[in-house]
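So the structure is just underneath, and the comments pick up after that.
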Amino acid sequence: MATLAPPVTRGTTPRVTGASGGHLMRKKRLFWPFVLPALALYVIFLVLPTVATVVLSFTKWAGAGDTPAFNGFTQYSQMWASDNFQSAFQNTLLLLFVGGIGTFLLAFLFTMVLRDMRGGRLVRAILFFPNIVAPVAIGMFFGLMFMPDKRGLANFVLDKFGVEAVPFLAQGSIVWVVMGAIMWASAGFYITILMAAVDRIPPYLYEDSDMAGASPWQKFWNVTLPMTWDVVGIAGVLWTINAIKIFELVFVLAGSGGYAPPPFSWTLGIYVFDRSVGANGTPNFGAACACAVMMILLVSVLVVLLRRLMRRDAIQF
Amino acid sequence: MTVVETQATAAAAVPVRKAPRKPKAAPGSRKLSPLRLLGLIVVWLFTAFNILLLYWLIAGSFKVPAEIFREPFQLPVILFQRGTPFANYIYAWNNAGFGDAFLVTVLLVAAATVTIVAVSAPAAYALSRLGVRGSGAMTNFVAIGMGVPFQTVIIPLFVSMAKIHLTDNLFGLYLVYVALSLPFTVFLLTGFFRSLPDELEEAAAIDGASPVRTFRSVMLPLARGGLITAMIINAIGLWNETLLALVFLQTNAHFTLARALFSFYNAAVYQSQYGGLIAGVAIIVLPMLVLYLVLARRIITGLTLGAGK
Amino acid sequence: MASVSFKGTTRFYAGVDRPAVDGLDLEVEDGEFLVLVGPSGCGKSTTLRMLAGLEGVDEGAVWIGDRDVTNLPPKNRDIAMVFQNYALYPHMTVADNIGFHLKISKVPKAERAKRIQEAAELLDLTEYLDRKPAKLSGGQRQRVAMGRAIVRQPQVFLMDEPLSNLDAKLRVQTRTQIASLQRRLGITTIYVTHDQTEAMTMGDRVAVLKDGILQQCDTPVGLFGKPANLFVAGFIGSPAMNLIPSAVTAEGVSLGGRTIGLTPAQREALTGSDVVIGVRPEGWETTSPENGIPVMVEVVEELGSDQYLYCTAQDESVEQVAHVEESAEEREAPHTITVRTPGMAPWQRGEKLGLIPKPGSVHLFDAASGERLPD
């Protein structure tokens, strides 16, 4: 009878027998001790605060010294009505989509060339280089480079050609400078991911398309893109995640001289920061939390959409 | 005899073949279609820009502001003439607090990196190789953390950590760094552990090694490459981290390099200390550059492994 | 349809001093099925890839028909190639794979569909047109690759070991299919293999390559009957030809106590004082040990229709030479003489017998140069 009794341990563990089964049981006992430290840190420092942020976004809370008071969706409606948030939201979407499409087009263009380029390894390593540089430093460099007078490198060069100094960091143009800086800083990463996938494509497929007489574009469209589709999808998700939280690069670039950047250059990340520390007026924790929730929502929606759009049968080769 | 002779002459007559230095490329493969030409131009522009930037940075850190702005592409002269070529570095190191910040950053990053991997490796092993039901779901649960922008957690974290005096405190920042780096690291290492062969683990089990022992003496050494990669990637990320340092550190003495640079920007622009500023940038960039030069392959494959799988 | 000629074609690879293909001179006639055969690494694929335009030509030229195509890109050569691993696009269906080249060359959709359908019918692939390659068997994939080549209606077919990924039985089947298909379509075909049986059964002519140098190009019968040198003699035929070195005397050369006379032309062609005598396994007549070369049976291999006797010579002077390093038979039994007798013969291990070469089955080679002596 005893043998027929259901296992006393968790019903989910598969039944095990014999010596190796005993070992398996002992191994499984490791699970919680091994997972718990990481899980606890993760929950305490990331999951619970995220939940707290969601809750706090429904409160009115100025910050330290104040106590949160529930006020429903007031924060959200006030936020949507504010010009600063709107320009932050617009800028973020612009960076996300235009910058994303630009970066991926650039990366695709590079994959066409780098696959069979002499010295390609070295070039790839050089292209990747911006990824190891602190974003603050990159923001600072572009800030100096696009200084409005001819002390800035860009205007210095323009001046050599007799062109009037361009106010690169003024409203209207700064978004494009930021976009250029971000594309430059991140292209290398996406090129590297895509190239790693491209290198796994068997060379004979390209040889066959050579024999068919395919142009570089046709090779890209018929071979490279479909063969790297999954990695493109993952890269897209990564871009979304990274682009939404862009902060210090823009903060330093736009606030050249170390001041808080003008609101027309804000991203959602800067908006949250500003409302949290009160760099631009008094802090407003409630608003910061509401904006942070918007960021999470944006990430989730876009990632889910992207996964949906990119889904297709896995290819086996 | 005659036979031997003819053979000898025949051998001498055969010209010594010399392979061409560069064999011919396949016909058509070097033809430049407009798209390829565009690609080549962009690739070379991009590469040139990166090299130029690096040059500008290193040269600029030895220049006075007048040279930086008026002769951006020339080699530095004035500081060398004055006999104080390292003046900018000395200024940044001593007067702008980069010296202290360097020490703080090295210690903080080293401690955090080691802890991250020490905590993540067992978790990743357990999630990927113990075959416990629900591991997959739990891995996903942790991986989702990669998508959460840090801006989301700073307010609750700051407020609650301030209550127990862990703000403006390097240990507090260390905890935050460790915790917030876990999702990526666990994700990277689960992929890595999953790719290891089963046989050695089974062999150890048959030899009667305890599971903990198997993990320590079989799996960890096998996964060493992955662990080192995870450390390097985290080290680069934390070395450059700014947002959390900005929120959690207020006292100059606690500043990390990125945080110090952030503050110094203000002062440098105000005092026109651009030379010191660029030297400060160099102090934060160059160690990573050296690391990159030594470990480029590992860094690149590690990052793409984390992304590509 | 077109002929193909290689004119002193040479190919070097970067960093390798010896050319992978060295001064290849080869004419392939219109509609001919030519097989390139040789041990691994001898330059067969390189030859094919030069013809396809996938490799550059360092010296010499390649002609297709009356066009010098040496510097033409692959697409302008009007050729189709079947790769060893088929090079099917995993993300495309069978129909899309077959029609890919037509799509690239902008053949109208209706025309394309018609040609795909025709090719599929010819190759028995109609029911798989909507499948992806991963869901096909090896043989079906091979046929898809063939289909992709056929729909182009090219002037020349190139095939690089198209059967090497199939199992033995399917390989035999497919090899007849390919040969008959080629005869039906009448398209000039160059076929690469390292399997000499495949070469002999499929080719109108067979070109034997070694270390990038063409050894002999002839019909299978010519190749088998009159191998031009020791390498070809050892490479073609299975089991391999028995090659026995011998010294030249005033009377001729001696083989196990018998003397084979040399013609004046043969003496003229000699570059040294030694020859190698080649006798194929089926070239022996068996007799009593006193009458022929005395040997002892070591192994009897019964195939039913035939029987192979692997024998050791009782006479020290009759020692086999190990000529072709690559041949597996050689490695197993380096110093035995192989004899083919009718199947079910009562030979036993350890039995002694005598061997006499049948008239007309003796091949003579110059030991120093390896070249065949004139008959």
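Just so it is clear, A, B and C label the chains in written order, and each chain counts residues from 1 on its own.
Basically, a contact is a pair of C-beta atoms (placed from the backbone, for glycine too) under 8 Å apart; a residue touches a chain by one contact, two chains touch by 3 or more.
Predicted model, so just to flag it, every value in this text is computed and none were measured.
J.: Once you count every C-beta pair in contact for both, which comes out on top, B-C or A-B?
T.: The greater number of contacts lies at A-B.
J.: With chain centres set to the mean of the C-alpha atoms, which chain is at the far end from subunit B?
T.: For subunit B, the chain whose C-alpha mean is farthest off is C.
J.: Report the inter-centroid distance (CA atoms only) between subunit B and subunit C in whole Å.
T.: One centre to the other, that is 54 Å.
J.: Just give me the whole-number Å value for how far the CA centre of subunit A lies from that of subunit B.
T.: For subunit A versus subunit B, the centre distance works out to 17 Å.
J.: Can you tell me which residues of subunit A touch two or more of the remaining chains?
T.: Those would be 210.
J.: At least two partner chains per residue is the criterion; list those residues in subunit C.
T.: 53-54, 73-75
J.: Which parts of subunit B, given as residue numbers and ranges, touch two or more other chains?
T.: Residues 26, 28-29.
J.: Contact residues on subunit B for subunit C in the complex?
T.: 3, 6-7, 17-20, 22-29, 31
J.: Give every residue of subunit A touching subunit C within the complex, in rising order.
T.: Going by the criterion above, the answer is residues 202, 204-205, 207-214, 218, 222-223, 226-227, 229, 313, 315-317.
J.: What residues of subunit A sit close enough to touch subunit B in their complex?
T.: Per the touch definition, subunit A meets subunit B at residues 12-14, 20, 23-24, 26-31, 33-35, 37-39, 41-42, 44-50, 52-53, 56, 64, 106, 109-110, 112-114, 116-117, 123-137, 140-141, 144, 150-151, 153, 156, 184, 187, 189, 192-193, 196-197, 210, 215-217, 231, 234-235, 237-238, 241, 244-245, 247-248, 252, 256-259, 268-269, 272-273, 276-277, 285, 288-289, 291-293, 295-296, 299-300, 303.
J.: In their complex, what parts of subunit C are in touch with subunit B?
T.: Those in contact with subunit B are residues 11-14, 16-19, 53-58, 70-75, 270-272, 368.
J.: Would you tell me which residues of subunit B are touching subunit A in their complex?
T.: That would be residues 26, 28-29, 33, 35-36, 38-40, 42-43, 46-47, 49-51, 53-54, 56-57, 69, 72, 119-120, 122-123, 125-127, 130-134, 138, 142, 145-160, 162, 175-176, 178-180, 182-183, 186, 205-206, 210-212, 214-215, 236, 239-240, 242-243, 246-247, 257-258, 261-263, 265-270, 274, 277, 281, 284-285, 288-289, 291-292, 296, 299-301, 303-304, 307-308 of subunit B.
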